[in-house]
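These are the structures in question, set out in turn.
The following pair of complexes shares a single chain, subunit A, combined with subunit B in the former and subunit C in the latter.
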Partner chain A sequence: MSSLVFYLLTVAIFFCIYSIYGWGLNLQFGLTGILNFTYITFVAIGAYFAGVAALQPGNGGIGGQYILGWHLPFPIPPIIGGIAAAILALLVGYVGLKRLRSDYLAIVTVSVGQIVWTLIGNITPLFNGWDGLAGVPQPFNSIFQLDFNHYQWIFLVICILFAVLGFWIIERLTHSPFGRVLRAIREDEDVAAALGKNVFRYKMMAFVIGSIYAGVGGALTIAYIGAFNPSGFTTMETFIIWAAMLVGGSGNNRGMILGAFIVPVLFNEGTRFLPSTPGNPLLAVSIRGMAIGLLLILAARYRPQGILPERKTIFRLDGLQQGGEVGGDRVVPQ
Partner chain B sequence: MEWNKRARRESCDVSLLLMGVGFGLITASVLAIASVGLTLQFGVTNFVNFAYGEFLTIGAYLAYFFSAVANLNIWLSMLLAALLTAGISWLINRVVIQPFLKRKAPLLILLVVTIGLSLFLENGVQAIAGPSFQQYVTAPGAIVNIGPMIFTAQQLVIVGIAIVLMTVVHLLLKYTRIGKAMRSMSDDPDLARISGVPIQRVTDLAWLISGFLAGLAGVVLAINVTSFTPALGSQFLFIIFAAVIVGGIGRPYGAMLGALLIGLVTEVSAMYIDSAYKTVVAFAILVIVLLFRPQGIFTSRGRV
Partner chain C sequence: MAIVSFPSSILKVTNLAKSFGGVKAINDVSFIVREGTVTGLIGPNGAGKSSVVNAISGFTQVDRGVVELAGHDITNQAPHRIAARGLIRSFQIARELQKLTVLENMMVAPFQQLGESPWRALISRRAVMREEREHLAAAVDWLQMFNLFPLRDEYAGNLSGGQKKLLELARALMAKPKVVLLDEPMAGVNPTLTKTLQGYISRLRDQGVTFLLIEHNLSVVEAICDHVVVLAEGAVLAEGQMNELRETEEVISAYLGG
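After this line comes the complex of A and B, so read on.
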């Protein structure tokens, strides 16, 4: 297999995974208006729990200190990863979502990100500390017995299946009455509450479901790479997903696919080839971080609705529905 | 005999506690300067600046430039760095934030912009100064013992700076017209506007003061932790948040008390548990306050 095909397969796999990440964040921010500034922490929790669910019991020595070690076959670890992320979201949501302005949750998420990172790094018996997990088995490869190059195809198929299922579910949710309430909350929380909607409950559900997407995406990541450690979940990773959402079109799941292609794939892979300088080994990384930050600001400034904006329903007297990009923020029952 | 031993152990415990209080006073001083800066800006503009941690980082690195490269005295460097950070803060408000406010961008977008700014600034500092640890070339000065508490002369200067600054902020808010204008905007921006408060000038001034305090806090934080990286401010930011929220967000006096509480509790706890978990203690306080008294523990009514 040529290295180009190998490279393209890797890019395609990450494209699927970033789309899954993106849909979860889009449900939280794009649809509901919840600010999760540490989305990657939910990805990490999903990855870690999926990892220890798939690994053999640890030997307690170097590289072998972690909880669980259940050695479960493939479709189960991503489920466990999703559940773990959902539980974290419940806890965070309980502190941050209740009767507070939206900046409080943002503050809580920033803090939770730091805390989880510190705890996982310092408490080695949990997930092997700063060294992280390694040698996580590849899904189904005990049956196929393929080498890493050929196995890529199998994994791509798995990712596509997850992505298609994820897209189907998120689209159903977005266009259901549930999704409509979420949009109403985003536009005006007080109005939604006045109409008898339990705002906290709905926000919590959006937050938890979005985090399940993060957790499952994380589970796929660790299954693919086979390893994960705290350097894999930094603030920058969160904002790559944010930038993808804002560029693609927040509130639009199709736009999110476009964003997942443009930002993480083109942008990240493109800046990978910046020359490294001996004096400053992280110069390329720093420039990438500056670029992501700048992209967030510029996207918010010049096209906050993204390339593919959310299609809003417009009220018409004749009762027909009309979709399209509108300036107003009206949300009306269909 | 047995009694003696216990007494000794108890006196040991007390001195350990007092030692923690000593460290806590220094941390509280650094934290108070930083928290008041954040909360003043919030009070006037009514949104959280997530790039505030980077203002501290910028201050610390500017002072490093003045003291290590230009060979100036550390306190003079600190003053210059704080003034420059104030200018940067003002400029950022004018160039980055104001265009969004003019277009009446929603709060959510504004917060995303400040976090994008934080990513940009932290990586900008890292691109220029490099990711490695830096350290000021200063002598911590003579050791001063007050009971079991140990301070260096430098640390006492930091405590002194904090006390002076807090007094100045108090006088500014209480007795000057600009302070009254700031408090009125914090109370009710619309009422302030129709009463003729010059919104633009007060906002500019709030960002200037906020930047000045942040820059200065960055330098004293860097002195206090001795060696620092471009992540200095972003790692300290949520401890600032904890202090600000404990005191009630947007309330300068609350932030001072919040800083004192968080500073003392984290440092005293570090005497008994691994100091790597200091931040966890601050976080626990933040969570408890948010769950039971989200308006802050030192407040009874609405904001300032």
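After this line comes the complex of A and C, so read on.
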């Protein structure tokens, strides 16, 4: 197999995974207005728990030490990853969403990200500390026994299946009365409350469902790479997902796909080919960050709603059972 | 012998008090609103009218006093729980959901919609769609009554000030409330439409809906209010029918002298 095909497969897989990440963040921020500045932490929790659910019990040797080690077959690890991220979201939500102001949660999320990152790095028995997990088995490859190059095709199919299911669910939710309440909360929490909507509960649901997307995406990431450590969930990663959402179009799940293509794929992958400078190995990474930052500034200036803005909901009114002419007897439509 | 039957009170406010720092917005306010009436709440600017509405609807926590809705103590309950009991309020400064269309603003209002559960939204699509059609029919009726139908697919943020006030009122009524608190619903609405709105409020009242109406235009108050409570400096100054109150010295001086 040519290395180009290999590379394109890798890109396609990450494209699917970033779309999944993006839909979760889009539900939280694009629809509900929740500022989650540590989205990647929920990705990481999903990755770690899926990892230790798939790994053999840790022996403290080369594989390192970690909890669980249940050696469960696919697709159970992603489910566990999703649940783990959901539980973290419940905990964070109880602290941060109770308060009325959304910027309060933003601060809470930043702190939670720092705390989780430091704890996971330093408490080695959890997920093998700074070295992280490695050797996580590839889904179904004990059956297929393919080399990594050929296995990529299998994994791409798995990712596409997850992405299609994820897209179907998120689109249904977005364009339902549930999604409408979330957007009402985004626009004005007081109005939603005055109409009898339990704002805290809805925000919590959006936060948890969004985090499940993060967790499942993280589970796919660790299943693909086979390894994960704290360098995989830095603030830069959250920034990339946010940038993808803002450039693609917050509030629009299709825009999110576009954003996942433009930011993580084009900008992040594209800048990999920058010639490395021997004296400054971090230059490429810095240029990548700057390029994405510049893209964000341009998007904010010329396309503040993103490339594909939130679509207007137009109801079809034909065939409605209407109450009669204006000022008719039925003043209260019952 | 004629039996005079008074409708029972559906909303009862007793010894309400609320301070913001040093400002006593509500000093000591007690009144009742009888079921199926339009009760006016009037008074000069800063009298505490909006504060009373905020207190009743749970948007401000009161320091003292009791609010009862249909016999239930709702004092300091969360706004959504009070709304769930059938008390819907409007805001003095219209608060339209800007990036939702006019029709969507209306569609948010119905209480306990099936599709508001994410689970139901996923698996019971048919039932959810059916319910949506019912709400849609009601929403279209309301919008036609308020002359907002041609603007149904417009983002609410693009409406004029008066149109926003109308939408605010229509949305409150869309929620099928038992009790409606309206904070200056006619401010900024043109005179012709004001007349129409008066007609609708009276007719809804006749169908059993109860209103507490804050309104500055005293001829509107006189025309549609069965009972009027006059507030001044956070306290009830007088109560009665508008034509009687017009003659009352204190009311005149509160409005003119201040």
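In this text, the second predicted complex is superposed on the first by the 307 of 334 C-alpha atoms of A that agree within 3 Å, B and C clash if a C-alpha of one lies under 4 Å from a C-alpha of the other, contacts with A are read in each partner's own complex, and residues count from 1 in each chain.
Operating definition for what follows: a residue touches a chain if its C-beta (ideal position, glycine included) is under 8 Å from a C-beta of that chain, and two chains touch if they have at least 3 such contacts.
Just so it is clear, the structure is predicted and the values come from calculations on it, not from any experiment.
*Asks:* Just checking: does A:F127 make contact with subunit B only, subunit C only, both, or neither of them? Give me first, second, both or neither.
*Replies:* Neither partner.
*Asks:* With both complexes overlaid on chain A, does A:Y224 touch subunit B (first), subunit C (second), both or neither?
*Replies:* In the superposition, A:Y224 contacts neither subunit B nor subunit C.
*Asks:* Where does A:Y66 make contact in the superposed view: on subunit B (first), on subunit C (second), on both, or on neither?
*Replies:* It touches nothing on subunit B or subunit C.
*Asks:* Between subunit B and subunit C, whom does A:S102 touch in the aligned arrangement: first, second, both, or neither?
*Replies:* Once the two structures are laid over each other on A, A:S102 reaches subunit B alone.
*Asks:* Given the touch rule stated above, what does A:E310 touch, subunit B (first), subunit C (second), both, or neither?
*Replies:* second
*Asks:* Applying the document's definition of touch, where does A:S176 land relative to subunit B and subunit C: first, second, both, or neither?
*Replies:* In the superposition, A:S176 touches subunit C alone.
*Asks:* If you look only at subunit A, which of its residues touch subunit B in the complex?
*Replies:* 29, 33, 35, 37, 94-96, 98-100, 102-104, 106-108, 110-112, 114-115, 118-119, 122, 235-236, 239, 242, 246, 279-283, 285-290, 292-297, 300-301, 304
*Asks:* If we count contacts the way the header does, which residues on subunit A are in touch with subunit C in the complex?
*Replies:* The touching residues are 169, 172-173, 176-181, 183-184, 186-188, 190-199, 205, 209, 310, 312-315, 317, 320-324, 326-327, 330-334.
*Asks:* Please name which positions on subunit B make contact with subunit A in the complex.
*Replies:* Residues 47-48, 50, 96, 99-100, 105, 107-109, 111-113, 115-124, 126-127, 130-131, 234-235, 237-238, 241-242, 245, 274, 276-277, 279-280, 283, 286-287, 290-291, 294 of subunit B touch subunit A in their complex.
*Asks:* Considering the complex alone, what residue numbers of subunit C touch subunit A?
*Replies:* 57, 59, 78-80, 83-84, 88-89, 91, 95, 97-101, 103-104, 107-109, 111-118, 121-122, 125, 128, 132-134, 136-138, 140-142, 144-145, 152-153, 155, 171, 173, 175-176, 200, 203-204, 207, 209
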